[in-house]
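Presented sequentially are two complexes of subunit A, the first with subunit B as partner and the second with subunit C.
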Partner chain A sequence: EDSSVSTERVGEILLPGDEFCCGPKDTLPLTDSGKSERLVAGPGLRRSGDRLLVSRSGVLRHKEPNKFWIESQQRRYVPAKGETVIGIVTVKSGDVFKVDIGGSEVASLSYLAFEGATKRNRPNIQVGDLLLAQLVVANKDMEPELVCIDGSGRANGMGVFGTGGLLIKVSLGLVRRLLAPRSDLRADLEQLFPCELAVGMNGRVWVRAGAVQQTLVLANLLQSCDAMTAPQRQQLFRRLQQGAF
Partner chain B sequence: MKDTPMSNCERDFILKAIEEKKRLDGRQTYDYRKIKITFGTDYGCLCGQVMAQVSCELVVPKENRPNEGIMFFNLELSPMASPAFEQGRQSELSVKLNRQLERCLRNSKCIDTESLCVVSGEKVWQIRVDVHTLNNDGNLMDAASVAAIGALCHFRRPDVSIQGEEVTVYSPEERDPIPLSIYHMPISVSFAFFQQGTFLLVDPCEREERVMDGLLMIAMNKHREICSIQSSGGIMLLKEQVMRCSKIASVKVSEITELINKALLNDKTARKAGGRCGFAESMPQERITALKTDQTAVEMTDVSETASSIVQTAVAPPQTVPSPSVPVPGVGQVGEGLRNTWGLEEEEEEEEEESCGGDSVEEVTKMDVELHQEDKSRTVDVVEILDSDEEEEEVVILYPEATKKPK
Partner chain C sequence: MAGESAKLSKNLLRMKFMQRGLDAETKKQLEEDEKRIISDEHWYLDLPELKAKENLIIEEKSLVPCEDLLYGRLSFKGFNPEVEKLMVLLNPKDEKEEEEEDVSCMQTDVTDEEMALRYESLVGTMKKKFAKKRERAAMDEDDVNQNVVVKSSKKTFLKPQD
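And now, the complex of A and B:
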């Protein structure tokens, strides 16, 4: 859409109801070629007529060249298409598993949506198992649906979890920080001890380390990192490395 | 709404950790979580995740016990505590906890009910303890018992005096309320058993409670007397295990009783010193979950200039708004108002009219002064305010400057 937007407000905290476009500019940029800019409004921004309104409170972020979104913090997950989530199997009935993903509704997962599954060769999944799956249908009008294969029919890391490990619930912001491309939280974790982490976008993280004690330490660490700034977190990690456990 | 199901992997992990004597939050097997006890400005006690409130009223006693007071306990599992609790419905857990709380506090006779009697056979005090759960993080029974006994120790009932046939109940302003007479403080300690009784944990948290095999609840006071003991879950316990649990329980109970007494003492000194006490004060500031912040200074230097400029440029009030006058000695009237249909006393009508009278700052203050003087001399039932519909029927009190009523 057409708008002349300044990047001056990036990094500010905006509240719902704030207008995003700036007012008429005092000076015209010399390189104004008369072309209108298109901008992509991400989560938290909503278009109303020809204005852009903020619909969620949070910090405004910008990615070159034209993507803007509001980064907000919450713990409750709202299913969105294409996200990879960790689910717990609640019911096994007929051809379909019912999987709890932490949203308002229980999602369904078909028996055939696994790599190498056929009508005769059913996957070995019990009630209470953990699964990593991807949402293919997720809107407010329909029941969410999951699959454990990608477009080309390969598992690609999805499916049932093995034994061991602990599942913890964290906020969505921490999950996004863990999954970010150059995440320093992940870099810090790598320095600690060898471990396996599976991160679901619904706020669930599965951790497994060599010993039970290490797994517990990791789980408690992640939950407390949620509310810490980067220096505090690094201080905590340093104390840990010096053998506090 | 159903709670999130527990996955097999979590269950296996917790059991494996318990076998290695490790708990999820790093406690030892016999460790309690840190207990924080706060008292409210009224008679309530907050302990951990549970809040208890005590109230009293005079009622007719039971027929078979005419000279004993009545104790009534009510524990509510509110949906605030967990999505698995539903409002209004008596779930099995709620019935069980209610029953345990009653047995622990009522059957142990920790309160002297005979001292609650006012007139034998006619009037006794009924003490009502309401316990609300605020958050379910396991072991609600222990928290509820500590909160209930803390609230009972904190409670003060109104003083009563009997002269012949007359019973006078004094309000807290007239005479200091008196505390209940409490013989001892029963506190319950819960033990969770795993792997058919091989491992035991004290004060299970919510996830540990979900995987446990059985629960043993021992209610004891600090004199090492067992008030109530209950085992649920159908596990088979050996005699030695029960004896060991009761020994651990006596240690824990004396620690917790110490904590309660200390908290009561702190609250008493805070109240005597006039300091601020209550639940609001116990909330820590400047944490991400607290909504309280320090007061911020407001820039006031140019307020007086702005205010005086506004006052000077303000339009003078129209003459149709009358100043208060005294038509008849003992009667004051300001303006006209609609008939008050709320049935409140006329004093409150007068106050409403006073506020709609003046416009500018100086006039308001003058008027207030006049009205206050009038208030002292007037009687109550004199002013009749005219409603435009009842023009012909009512008697109207007019004053010289009044203009026609607005229709």
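And now, the complex of A and C:
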């Protein structure tokens, strides 16, 4: 059947330039009204006319009803709308802050995009501060734009981090593993000691624990987890719990 | 008047300050003339119409909705209670937890009876607010007398008997 052509290839490795499907009319299942359903092309797939091309090498993933994307390992962050990222304030210039988010270009952040900020009441932000923010504009031709509030004006955990803590850089794959709905890695971390993490989709992770030593242990753990299998990791965690803490 | 205004030239009638005095019919005619002039001067390319095709492919640049990733702030073992509250609030719950929550919701719900009891007292206070001074005094008395209802009928003119 034509309708299963696209789902058949799920799990396969695709390379940039591969054709994913030619014309959604042939490949998408029809709805009751006779119209074919919309196809959602996630990261790694690019639309060109009626065709869908692969733009990143990786494994094809699928989610019901018709969402497809390419899963790949990378360290370079490409800003995407709606994602929360950890940024470093690099410039304070009048109405906007320039924030480095690890993308190809620095992002801008308005001083009004903070909880409780007004024209008279500016947020107290210095160059070098770390903050968690959400991308509202992320577009290959334009400067990305950040906000530290949601639609209803609440901070919801976004904004400048307090004192203490350590920022580390990990691969984007590890970030996804940390935030996956049923994550083994997160479950293992939960067993360790009281700590706090802020995870940006741009591969930056900010860690904080009760003592500086614990913060460092956590940071090292996360960085070494990147290239470790699950049994290896669990062994390391067990050794850690028996030893120092 | 109508005959007079017809004599005025079209260009004069089209001026802003003349528009007010015009009646509906001449206004309409002027507009039509203008439209005809515009459409006569309008050029167009003799091309087949571009049909807007329905877009069947939506592009989604972020992985977050694809993989159902959680919100980026985590706190373990009560290190930051505020963040743990946020985690519960912003992340979709597992089905198991959801069921538990449903039960607790049912328990804390206000029953119909409680609701009625609460509003019972409210009815009295609101009535008092809208009552006249004299009636209010009577009402207070009633309350003291354990709600013995004494209907004070309105004073009316009594017709003397013969």
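Please note the rule applied: the second predicted complex is superposed on the first by the 205 of 245 C-alpha atoms of A that agree within 3 Å, B and C clash if a C-alpha of one lies under 4 Å from a C-alpha of the other, contacts with A are read in each partner's own complex, and residues count from 1 in each chain.
Please note the rule applied: a contact is a pair of C-beta atoms (placed from the backbone, for glycine too) under 8 Å apart; a residue touches a chain by one contact, two chains touch by 3 or more.
The structure displayed is predicted, hence computed values, not measured ones.
After overlaying the two complexes on the shared chain, residue contacts for A:E115 are found with neither subunit B nor subunit C.
With both structures placed on the common chain, the touch criterion links A:E105 to neither subunit B nor subunit C. In the superposition on chain A, A:I88 contacts subunit B only, with no contact to subunit C. Looking at the shared chain after the overlay, A:D18 reaches neither subunit B nor subunit C. In the superposed model, A:T215 lies in contact with subunit B only, and not with subunit C.
Between subunit B and subunit C, C touches the greater number of residues of subunit A.
When both complexes are overlaid on chain A, the residue A:L167 reaches subunit B alone and has no touch with subunit C.
Contacts of A:A227 after superposition on the shared chain: subunit B is touched, whereas subunit C is not. After overlaying the two complexes on the shared chain, residue contacts for A:K67 are found with subunit C alone; subunit B is out of touch.
Overlap of the subunit B and subunit C interfaces on subunit A comprises no residues.
The residues of subunit C lying in touch with subunit A in their complex are 55-80, 82-83, 86, 90, 92. On subunit B, the positions that touch subunit A within their shared complex are 4-13, 16-17, 20, 22, 24-26, 288. Considering their complex, residues 24-25, 28, 36-43, 45-47, 52, 61, 63, 67, 69, 78, 80-84, 86, 132, 138, 156-157, 176, 178-181, 186, 189-190, 192-201, 208-210 of subunit A touch subunit C.
By the touch rule above, subunit A contacts subunit B in their complex via residues 88, 90, 100, 102, 126, 128-130, 161, 163-167, 206, 212-213, 215-216, 219-220, 227.
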